[in-house]
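Listed below are the structures to be examined.
Shared between the two complexes below is subunit A, which pairs with subunit B and subunit C, respectively.
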Partner chain A sequence: MTLTRRGLLGLAGASVAGVGLAAAGPLLAEDRQPAQVVPFHGAHQAGITTAVQGHLHLASFDVTAPDRASLVALLERWTRAAERLTAGLEVGEGAGGAPLAPPDDTGEAVGHGASRLTLTFGVGPSLFDDRFGLADRRPAALADLPAFAGDVLEPARCGGDLVVQACADDPQVAVHAIRTLSRLAAGAAAVRWAQLGFGRASTTDADGPTPRNLFGFKDGTANLTADDREGLDEHVWAGADDGWMAGGSYLVARRIRMTVETWDRTSLQEQEQVTGRTKAEGAPLGGRRERDQLDPTSLPATAHVRLAHPSAHGGAKMLRRGFNFVDGSDGLGHLDAGLLFLVYQRDPRRAFVPVQTALSRSDAMMEYLRHTGSSVWAVPPGVRRGGTWGETLFA
Partner chain B sequence: MRTTTLLVLPCALLALTACGSEDDTPAAAGGPVVVTASDDACELDRTELSAGRNVFAIENTGSQVTEVYLYAAGDRIVTEKENIGPGISYELTTQVPEGEYVVACKPGMTGEGIRTPITVTGALAEADPAETGAVEAYRAYVQAQADALVPLVQGFADAVKAGDVERAKALYAPSREPWEAVEPVAESFGDLDPKVDLREADLEPGAEWTGWHRLEKALWVDGSTTGLDAVADQLVADITDLQGRVQNADLSVASIGNGAKELLDEVATGKITGEEEAFSHTDLVDVDANVVGAYKALEVLRPLVTDTALLAQLDAAFAGVEKALEPYATATGYVSYDTVDDAGRRELARVVDALAEPLSRLSAAATA
Partner chain C sequence: MTLTRRGLLGLAGASVAGVGLAAAGPLLAEDRQPAQVVPFHGAHQAGITTAVQGHLHLASFDVTAPDRASLVALLERWTRAAERLTAGLEVGEGAGGAPLAPPDDTGEAVGHGASRLTLTFGVGPSLFDDRFGLADRRPAALADLPAFAGDVLEPARCGGDLVVQACADDPQVAVHAIRTLSRLAAGAAAVRWAQLGFGRASTTDADGPTPRNLFGFKDGTANLTADDREGLDEHVWAGADDGWMAGGSYLVARRIRMTVETWDRTSLQEQEQVTGRTKAEGAPLGGRRERDQLDPTSLPATAHVRLAHPSAHGGAKMLRRGFNFVDGSDGLGHLDAGLLFLVYQRDPRRAFVPVQTALSRSDAMMEYLRHTGSSVWAVPPGVRRGGTWGETLFA
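== the complex of A and B ==
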């Protein structure tokens, strides 16, 4: 059960000989040093089971390329750049080069190292229209999300043809990666919306401490972890019979505004009743320790963790990888704060959708939440050496 | 007055053989000219230079942010570097032909500067005929735009002075088109641009506001041109001045390529946002002219560019911009920009970005 960093990365299909990786052993502080490289290639894309980094920059793109060949060429450009970025290298000829030309690399990440950067690529339902001959390639699991009670979605924060999730321990490295890919996309894709996140609001790390969301509660205690291979195969990875998605996963991204000001005026008892766990320890109500067995039926009927519990959804589990955000203020004296809820699963129709349906109807926490952005993505399998993001889709 | 039709002109305006021209002009003998800029002095280690590529190694030893200009006769800017902070060094490289020049350091970035005359002697290395052809073709284009500008501005000024607000409004945007097409060259005469094209938001406190946008506000906001005869006259005088100075504009293959990029930068930062024509909302007329001017730069440089993939990308991107502008065209120009909704503006921003990114590589590609 002891998880080593090497084991973790191996799961992401590492074939690169341990570039800058810590040797086997318990998780040590130095394992999180910024120079670390997470291998880009493998059976699954990195950035899903990879131990959650400190920072996120996620961008959704609309494809503007006129034809399929231009789109494939973009993915080729992106993949080559992603290989360099995740290795901590500058793109193209770097931040120098010919004096009369703009530098290929914008330069702000020079000297920051790889910082465990992962770049994870996905495609949205809108890509499967008639533009690129993909209409008959849309997986059934990539169904449009239904409307949920209480949704206040803003179109400018929803959907998109392509997504890139950049995670790194150094925010500047994550931002540089998205900025670089966006620049390389000129004429082929344009950013539709983007979100910065911080403070990893979940962990995929069995031994790591459980992080806290902006409500101050531990989030993701019962999350799937990277060493739970059976659980991942059952709940996260698309299977061998899933065609071009075999080895991939489905990502749901929800921008959940948290009205922290009203939450902060709520009594401790009320906060704990709403959540179903204690604030300090994170123990299930009635229990003493965070990892005490949780008996959903002993919790209030509207408690968040009871409604979200796998036992209420046919055992469905998801791998959560969310990040907190604060996008300045809302102009009314409140923080525009919340959670960019990112969740990977084998089939959203059997995981996120039923869970969110139950939560949106009954969760006492909904009083403090506003879902303002929503998207669902098919995240293709990993990239072999010399391969390209999404190549199984275009094969 | 739509001019995007220029985009369908045959590609090669000039019967020039495509060839790369190495920048093999040797740096002038003697190494960099060391410019030591302090708060009260501007010292050069020598004032006699050889014609050709010269490097000015500037060091700001003062306590204020400074800027350094190289002026030719009549304070025409040959090159400049602004915003050199205290303790910062910067190497300014430029091609300098034989002649008398002035180096000016401006501590605090104000005033006439601390001036040192310098003399440049010797002949430039034989210029590449293809480069010369491109530069002269572009100069002829700039001259033609300046020539066209004078009567258009005169007509606009006449309407302003006659108090004919409606007629002046109709003539306003067309009077700016040739200017917008060659704006980077016009701007290289540093004193002219602020006099004719300054926006109200860029006006320094206490400074006098002249030029097109002063008149724009009077026409669209005040609905009256009373008291603005002098502004109208000054605009005509300044544009006539420009017409006479184009022949002396310091043009090079690199500056033409950069100018094209700057035209798209203008579109991306000033016009897509609707800031340029804040009162008249005639931004799309400017955009059209900017794009036409950038396309002209591509046309004259095309024979020098061997990167065919870049040329194909640029042609596709120009076509993309033209197509995106099309729905907004009217019989006499373009729809008012305040009628273009956010989705429309976003689409325009996207095609402009798609063009500006490859265009930023034109200068290097043409000099490779």
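== the complex of A and C ==
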């Protein structure tokens, strides 16, 4: 499939229209959900500080392209498609077209609008081997994650050369986006693993309620927020001295199975001591309200929020963007449920790695968690109009 | 866990409030999604003709209870919990309570409202063995499904003694409901298999758009609708002469993996010939609009909608209520995606079985489908206030 002249012209017109309509409200009468467009282009990629959407489809890909030119061509196809998808448009000539050719668009998201779709692209450590001439371009911050105490990683849920995080308020839109990119990758990359997740639309608005994880606790109270520009520059965005990654970020993705059946049999007191917050309100233990100042040293030494607190890690903060998941049952009478923990940071060596090292050794919550998947990604800076995902890497 | 006097009183008050508020709009300012309550009690169970919600969590259970009394006690616990859950309430004393006891409610749906949650209960053929004295109560219509051509069923996705279908506009609400019932079943029943699915909220309103399946085609154009009382009485509801099942229905659940990557490589013409409808509009081939009258005999002999048409099966109609699913990837570079086909009918022997027999032999679409899970359920009539799921079976 190639994007035709007509397709590209259609995109240009629709992008302009999309901006106007997003401000004015839903695009189409048949869309009951808001059909808002999140701008694709910018200094940073969308989908990092974007207010968290209701649904996630994240896919890791192995590159099968034979050479660098084929890989770059894939990223160009992907970028052009991502521009259309995030604008709520069908790719190419759409779900119709010539009868004797496969339709350019698979069609299942027709009529669903943009639904705040964001597509966020990253590259994994394995891309920097000798296949594509990138061996000397690997950022130091994209270090392999160390083994953590208690890891029970499944290789089929780990690693990969490329990642795309699709987030949208409509799951069918996120699913369609990953399927479309997977299809456009034929002969150049194949899905290695994929994970669906759900959260709650708009929960990370400054005024919105804090979402709850599957332990029933509020999760993300002390998270960085999109309007904290200083905090984001310090903790999330790679800086001007970070070469091709300037303006980018690093994503760590961990699939954390939560043994909810065991958790559910523990007392409220135990749950709150393990977490370090109250269950109903989400207040730090000893406090009354969710946003009361948290004094980590007043909490049990093994409390999750004490061990994860920035004060224990030289002030390191991360931008969390996790989604709950339920992948059916485990065949033993339990739900295969948990959290796809997604966290963005400027340097995992100074953020996720020390925090998870401390948690994996001492966190009382570890008794109820199993880390079954793991990956780390360099997420390049945003794409200018006409630009391509990852172009600074290949420049 | 037991429901306390306080819990029951809380339920009674909230049900009344819920009805009024559902009519008036969202219950709480913090709920961005509509927090409507679908009445739990009635002549038929909710979740069958209820306008299809956006999300499904369906769980099959094996009964482990040692005797009939324990099974009946489970159904009483479940029913009381279902009344609260569908009203948007926490179960028991909620996510708080005594510090030294596990909280009655796991808490992750706090603040999410009812989100049109419906819980629909059924029993499988295996319940009618000699464990619970039900051997002579098995309805003739609850016959085991025959083997169909092309079945590739996985035992871990088939059968079960009990089923609960949870549908809601918020996935966290549907997940919480199944988790809560699973938890209340400890010692009496264990999850055998479970499946999440997504559709599109409110798509089966008479005026709403028809949802699209993962082949990108509109699915359900000719479905029975909730306002077709005659059609429902004829095709969906068990009649007065059906004993304990009068007012109930029969559910067939099939997990249909769709090989979307293969489908996506076929031409538009092939896709439309296989389906018997146009892709963009959903019109029957030869027609112009989606709801144009379909003349099955004008379609290719192997077209899906021709073979499934009621005229080919003595007028048999079914009420479809399917949900799309994506369960990650299959480990071979493909999405593990498809349709959880759910269909309600008065007698599967005269509806699903002959239709699927014809489809499995001749449907051109079978090339792109793999039936990996299968089950059939007797779904008892609705619950009166103070009544219990399945009470007519045990009467």
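As a convention for this text, the second predicted complex is superposed on the first by the 358 of 395 C-alpha atoms of A that agree within 3 Å, B and C clash if a C-alpha of one lies under 4 Å from a C-alpha of the other, contacts with A are read in each partner's own complex, and residues count from 1 in each chain.
What we mean here is this: contacts are C-beta pairs under 8 Å (C-beta built on N, C-alpha and C of every residue); 3 or more make two chains touch, one makes a residue touch a chain.
Because the structure is predicted, anything quoted here is derived from the model rather than measured.
Colleague: Quick check on the superposed pair: does A:333 touch subunit B, subunit C, both, or neither? Answer first, second, both or neither.
Modeller: It touches subunit C, and subunit B stays clear.
Colleague: Which of the two partners, first being subunit B and second being subunit C, lies in contact with A:86: first, second, both, or neither?
Modeller: In the superposition, A:86 touches no partner, neither subunit B nor subunit C.
Colleague: Check whether A:356 is in contact with subunit B, with subunit C, with both or with neither, and answer first, second, both or neither.
Modeller: neither
Colleague: Should A:98 be classified as contacting the first partner (subunit B), the second (subunit C), both, or neither?
Modeller: In the superposition, A:98 contacts both subunit B and subunit C.
Colleague: Could you say whether A:260 touches subunit B, subunit C, both of them, or neither, answering first, second, both or neither?
Modeller: Only subunit C is touched by A:260; subunit B is not.
Colleague: So, does A:170 touch the first partner subunit B, the second partner subunit C, both, or neither?
Modeller: Touch status of A:170: second partner only.
Colleague: With both complexes superposed on chain A, which partner does A:190 reach: first (subunit B), second (subunit C), both or neither?
Modeller: both
Colleague: With both structures fitted on chain A, tell me whether subunit B or subunit C touches more of subunit A's residues.
Modeller: For subunit A, the partner with the higher number of touched residues is C.
Colleague: Applying the touch criterion given at the start, work out whether A:179 contacts subunit B, subunit C, both or neither, answering first, second, both or neither.
Modeller: In the superposition, A:179 touches subunit C alone.
Colleague: Once the complexes are superposed, what residues of subunit A are shared between the subunit B interface and the subunit C interface?
Modeller: Of subunit A, residues 98-102, 183, 190 contact subunit B in one complex and subunit C in the other.
Colleague: Could you list, by residue number, the parts of subunit A that touch subunit B in their complex?
Modeller: 64, 66, 98-102, 183, 186-188, 190
Colleague: Provide the residue numbers of subunit C that touch subunit A in the complex, in ascending order.
Modeller: On the subunit C side, the touching residues are 30, 32-33, 55, 57, 59, 62, 94-103, 105-112, 156, 170-172, 175, 178-179, 182-183, 190-196, 198-202, 208-209, 212-217, 260-261, 264-269, 271-272, 279-280, 324, 326-329, 331, 333-335, 337.
Colleague: For the complex, give me every residue of subunit B touching subunit A.
Modeller: Touch residues, subunit B against subunit A: 93, 254, 257-258, 313, 316-317, 320, 350, 353-358, 360-361, 363-365, 367-368.
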